[in-house]
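Here come two complexes built around chain A, the first alongside chain B, the second alongside chain C.
Take a look at the complex of A and B:
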């Protein structure tokens, strides 16, 4: 990539205080997104995708520890250490906006949707109520809401799920942000509406040169809609690169396993999907070495002792693995008995 | 169901409740030993034998219970609650004279309670489990454990007797002197509020904490709204319905408290009227007053119920 990234996350670490102890939820996340690109973030449930997304905006849950390591650079500026006040004034909603998963709960049920869009505009753009309203109605039209003037006045419960998600997107776009973080924006919607919403992102990205961080656990969706992708496991990015090559020639055994677990239209009917055996590690008690080791068919003793760094692998894309898969035809399992005995 | 239909159903409910209440009120006083006739005879200077029977006949007290009840109810509906035999004044007129004082006291108590409880609850919810929240919690628990007549006496000692800032007792009518009027009701209304603030504050704090965990609050934060906007514009309104319910439920307790506080502060309201009625065994007056208070209570709750749809568009159609 030759373009300056709009967002660059380096070695981000986030911990939570929990009754079981300190949970290391994000353990060195690296991300780099260029303007006008859609960057996918995939991983199993609980891998830390949402926490990463929220950390970029500085809106973590209350039990997150204040000590945050790493760096989040946005448009060249370090924003991880910015004060709440600065974040509110200059970043949140203004330059980075977020769309959430569940449109049924993301809008205030007792406030008219128009007002919800107008409030941030009045705050960030310093425009009066009339201008803000005109802009909001225009925006509603752009995100594909029919009768924008009418819909400006309704309450969320008077709209369908798809319409609410469009409202949510209009709200996110209201101040013309440079980066849009969409945390599973279509998971709660049915398939046709899903496609419409994703087309909308595509249109916005082209028209506004908007960078999009698209969080999802749906591999097909990511493969289809993203330029780049980062694969997360237990709070780490384990592999990253262009979406096409990542899924065609996965280097990390986890990516490869995910890819093989993905239902595909090319498979003959009734193909049994491979699932990944085992469970992700306890975040309050992470292993010393690679977090994926206990589930990995290529695991060796090295994996149990040393956490692999994220470095260019055989295909040239960064991967965090001691024994990356070299080619698409290489068998996944390379059983190493000594290490197996050590963990059993 | 449409809003109109909801109101209509509530109104029917209201009428049924009022009928029941009136019957109970009448029955209760009828069951008490002694009646108006006996009191009248006992208080006259030279009672003649058979006078009690005579007066009973005169007042219609010899009629069967149901007949008397229906008659009384019929009159009550037309606004005739009878005549106080002590003062000769129609009960309705006496209520009309005293009512403004009590209503003003109630309104001031509610306003003061809400004006203190709402900001306190919002601030405590925002800093939940932190020092501020803990201090407020301890303070309100302490306050709640002190009966409000004690608060009233303490306030009188401090602000009236010692500092001489406010009058200890007495009432200045609104038409005469607005400032003096408010000053004369300040101590009693604060005393009444002292029981409500802890309650309102705790209910709203808990409700706010719940609301602040909603997704739409995260959305409000994600678009960079100020903390103030998030709390007051986004979180407060959806947290209000429970508070409204609690306000409604406590109207009865508040009215009860008023009766005592009026006595302490020497206010010419409904409370002192009831007190003198009971002292004088003025059955007609007491009966009328209890019926009136019960109606006022039921009506106030009806009004409170009607506030919900204004707070939640999902109920309003």
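Take a look at the complex of A and C:
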């Protein structure tokens, strides 16, 4: 199946100005999402996943440097270089919409929710207030809000977290976008509501052939709900491929370590949780070679010198590692200290 | 006298923080202003406003006319319920006439301060960078001026009068108002709903008007109420020095200023306007604190 991807990100680089210097937050990210597919972007805090997602929409915070390298192609059109005005009129909210992590803060507390949904439609679709209201109420019904007519008139604080997230989704879908970016959409919700919201995404994706970029740090969620996945570390995609094979047979030591760090119901009680030693590198001072090297039990001198490119690994999926894990049963390695001793 | 008073609240809204216990005038902290004090404050201010507005139709002597038969009449004299001043003018009529001045100065100068200050603060907070530095530097210059000296200089330059006072206080008070607006804007500008509005394709003007402004209005108005009290004191200070409202028009400050020569013979000439003013300031501060408290509770629940 070779469907034309709706979104194709190539070698995206984004830098931020910080008091500590220039932080290289995104270092050459590649992504591609086909219509009707869910692509997961997973990684720990600060790995650049949210920034990548926001860069697609061009809504980076103020301290992002204007020099943005790489390419973001949306429906065949390069949108990274588009002017603010063009982005506002044609892309943001209209063709690409975003759902934020915390529905408590992502809705304007002093505006009725109905109005928040109506305004973008009036702007982008040029329909009058009455039509927009009818559409909004219909949307509220579609996202599973009971009594849409009533809820149209309430303020965000009168709703529960799950309902607010449904409102956010209705808002994002209001102008019938082709790509939905969901930045940790369920992190602020409890587990049962999380499942409902993800089911809702599934349903909408099938009904509207919507492409979804799902950003999360939750491996189980990504494994369960995504078609493809990209694992990010220190601003780079270190491994990418179908979600099932990525988590069943991780190639990158980082993916493997993440996988092993997951608590499992099959473990006996009081099993010590595996962790990844060390900390992610300072983005203002990235190491010369592989950025995962100083936490990696498979590290060699090569890793410290040369940053590995993203190339097909032993399982056929692209991986950025000099010493990828060959199969699901191959152990990760002894310890980072042992690896460091081996080198010196 | 300073416009950067912190009598009640220059509080900024930190999301998720517990409600800040406002330090009230009487040192009560957590509970806010007791309801009876709010009632009395509202009652007093309503009475004062009604008196000021109804002065022309009330059966009182003309506030500027001297009754030479009753100079320095004591309180509860026939025809002059609060007595007369050193030239025989009815004190109650002059207090109400002074209330007109004080309330007008308080409201008009703060309206001017909000109209000037709030947009500056919002722009500085929203755009940051160059605009922020420019505006903040300007505010610092205004704030570093000794307020009373600036007002005296202005009234010598423009000539003393009601509008000089309103404009002077309005300009000076716009600086702290702008600061409050800026800090409130900063707490909202990086909130997700503002980013979300950008993400939905809305431009700066629309985001400022629809997303930022309605959220910033509450703290700015809560602060503006406090500044009304300060503006009233400022007007009284200028008039006391003879640089504000000019005779024969009445102002609480000028009543005290001219009456103070007779303090030993007829203390009520000075004390009545002093009490009236003190009560009014207290009432305004109570109300300001009350509103600020309610606003805090609302904010933390959002």
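In this text, the second predicted complex is superposed on the first by the 333 of 344 C-alpha atoms of A that agree within 3 Å, B and C clash if a C-alpha of one lies under 4 Å from a C-alpha of the other, contacts with A are read in each partner's own complex, and residues count from 1 in each chain.
Basically, a contact is a pair of C-beta atoms (placed from the backbone, for glycine too) under 8 Å apart; a residue touches a chain by one contact, two chains touch by 3 or more.
Treat the numbers as computed from the prediction; the structure is a model and nothing was measured.
Visitor: Check chain A with both chain B and chain C modelled on it and let me know: fit or clash.
Guide: clash
Visitor: For A:42, decide between first (touching chain B), second (touching chain C), both and neither.
Guide: neither
Visitor: With both complexes superposed on chain A, which partner does A:210 reach: first (chain B), second (chain C), both or neither?
Guide: So A:210 meets neither chain B nor chain C here.
Visitor: With the two structures laid over each other on chain A, which partner does A:193 touch: chain B (first), chain C (second), both, or neither?
Guide: neither
Visitor: A:91 contacts which: chain B (first), chain C (second), both, neither?
Guide: Touch partners of A:91: chain B and chain C.
Visitor: If we overlay the two complexes on their shared chain A, which of chain B and chain C does A:80 touch? Say first, second, both or neither.
Guide: Neither partner.
Visitor: Quick one: classify A:226 as touching chain B (first), chain C (second), both or neither.
Guide: Touch partners of A:226: none, neither chain B nor chain C.
Visitor: Is A:167 touching anything from chain B or chain C once the two structures are fitted on A? First, second, both or neither.
Guide: neither
Visitor: In the superposed model, only one of 23-31, 41-49 or 167-175 in chain B has C-alpha atoms clashing with chain C. Which one?
Guide: So the stretch of chain B colliding with chain C after superposition is 23-31.
Visitor: Do chain B and chain C touch any of the same residues on chain A, and if so, which?
Guide: 57, 59, 87-89, 91-94, 97-98, 100, 102, 105-111, 119-120, 123-124, 157, 168, 171.
Visitor: How about chain C: which of its residues touch chain A in the complex?
Guide: 15, 128-129, 190-193, 195-203, 210-211, 214-215, 301-302
Visitor: Quick one: in the complex, what on chain A touches chain C?
Guide: So the residues of chain A in touch with chain C come to 54, 57, 59, 61-62, 87-89, 91-94, 97-98, 100-102, 105-111, 119-120, 123-124, 156-157, 168, 171.
Visitor: Which residues of chain B touch chain A in their complex?
Guide: Listed in rising order, the residues of chain B that touch chain A are 214-216, 218-227, 229, 233-234, 237-238, 311-314.
Visitor: Which of the residues in chain A come into contact with chain B in the complex?
Guide: Residues in contact with chain B: 57, 59, 87-89, 91-94, 97-98, 100, 102, 105-111, 119-120, 123-124, 155, 157, 168, 171-172, 174-175.
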